[in-house]
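The structure that follows is given in the form of structure tokens.
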């Protein structure tokens, strides 16, 4: 039914946290476009902006836990160039006991630039010890979800 | 049959071009490990080393063609730390008329660090014109394959 | 006389263009602080923001001129850490026929982080030809100065 | 006297540690040359290679000391381009009780590319405490000097 589709579409939109950014000179390469590895930094910056919007930080000085990445991917649709302003939309796509997956879409003036994912896990990273996976804290997820405007 | 498996295994190995690298200080982050976006640079460096081994270069000054990325992904298995020496293996995994996909594996002292892919395309990038896809040159593929020791 | 000193102080302040920025995760290193090479990017970002404020861009697609650096330096007084917000002040310190020198100060919550300089020149960079220095355009300097609020 | 000049020249040469490197694609910018901030990474990589040649590392996991930078500068004479091979020469230019200054020269095929300096200090960086300067260890300096072949 059209009504419920619209409803879901509106929900999806409200589940997305938006981060704005401009392409810097040092991020371009000799082909005149933002280097493809920069898009992984753009996704991460949006993730961390979401954490801040949730009143959190993904890294505190002296902490012995961290959120290393399990996987990352990006599909490129259009290039970004020097001084282009773009928007990174991020939403929480999947949460398991031991992992958190974000989905990202990048747009410029509303036109698609590409989309990607980052899957991350919480670990104990005490120096001298191997990294050890910890359960994803439910309160962190709740706060991230609230910051994206989603209800669950 | 064991014999043909070994044969294939040997073939696979000979289809892989190997690039060695060390983690630099600027590539680490506050978690004490190589930042995840660096792995996309590591894959690209191995790609370009393969091109050089094939007597080619992926970018020549003044050229109006380039090889932008269509997709990139990486699955992380273990972290790399400052001054770690590691090896990036790259092979040509798939070629279509308009795309070329590499597969990469990163190892440290023989132990897996992670694996990834880059899919790329040849385009005309004359300034002021939209990028236009070109056919992947068969001679380039032949030379890249020869440089990885592969027969097909 | 105190009055004229205050006057000059006010002038100096009005000659400074201010750019705000936050330290991103990928910019930190294993020592837990923003890597020292990032400060040269921060200075450049402030330079380019000044050009935009002047209605200019330092690089246009397809242009055969550019502004390579003749010299760059930075003196570090205090570290920046992940998510720190800081301000880069930039002013035009010196202009000769063939060079332009900016001075930068970085502060965090009003406290000094460090200061630096970038000296740059306009060149013709037609592919296949050696770079050739060009005169610094007086109208560009006038517009940059106007954008920093200075009168001369 | 020619003899003593040659002698000194030989001494100077033997005081220099040499590090070889190639410009990577991600290090280029839209002007088609290695971005100027990369030169500060190149200097640092040569510094750390010198430490390794001396049987040392500038950073060990879990260590509470570090070598932040007090100052860094570079004078650019010629650009580097994608896949250019270049050499970074580093020597210990000055040591005080609380600082260590390196001088660097970058050459390509023997031709000058530029020269720079990095001044660094040893600090205690225990998390949660302000950085505190420590005396530069004389044995570290002796080993670095030995690794550059110099006698003092």
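Labels for the chains are A, B, C and D, by order of writing; each one numbers its residues from 1.
Just so we're on the same page, a residue touches a chain if its C-beta (ideal position, glycine included) is under 8 Å from a C-beta of that chain, and two chains touch if they have at least 3 such contacts.
The structure displayed is predicted, hence computed values, not measured ones.
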Interface copy of A-D among B-C, A-C or A-B, judged by whether over half of the contact pairs recur: B-C
Pair sharing more residue contacts (C-beta pairs) when B-D is set against C-D: C-D
Gap in Å, rounded to a whole number, between the CA centres of subunit D and subunit C: 25
Subunit B-subunit C separation of Cα centroids, rounded to whole Å: 36
Rounded Å distance between subunit B and subunit D, as computed from the means of their C-alpha atoms: 30
Residue list for subunit A, restricted to those that touch at least two other chains: 25-26, 30, 32-33, 37, 41, 44, 59, 61, 81-82, 127
Of all residues in subunit A, those that touch subunit B in their complex: 30-33, 36-38, 40-41, 44, 59, 66, 68-76, 79, 125, 127, 131
In the complex, subunit B residues that touch subunit C: 25-26, 28-30, 32-33, 35, 37, 61-62, 81-82, 127-128
Residue numbers on subunit B that touch subunit D, as the complex places them: 24-26, 32, 41, 44-45, 48, 52, 57-59, 61, 81-83
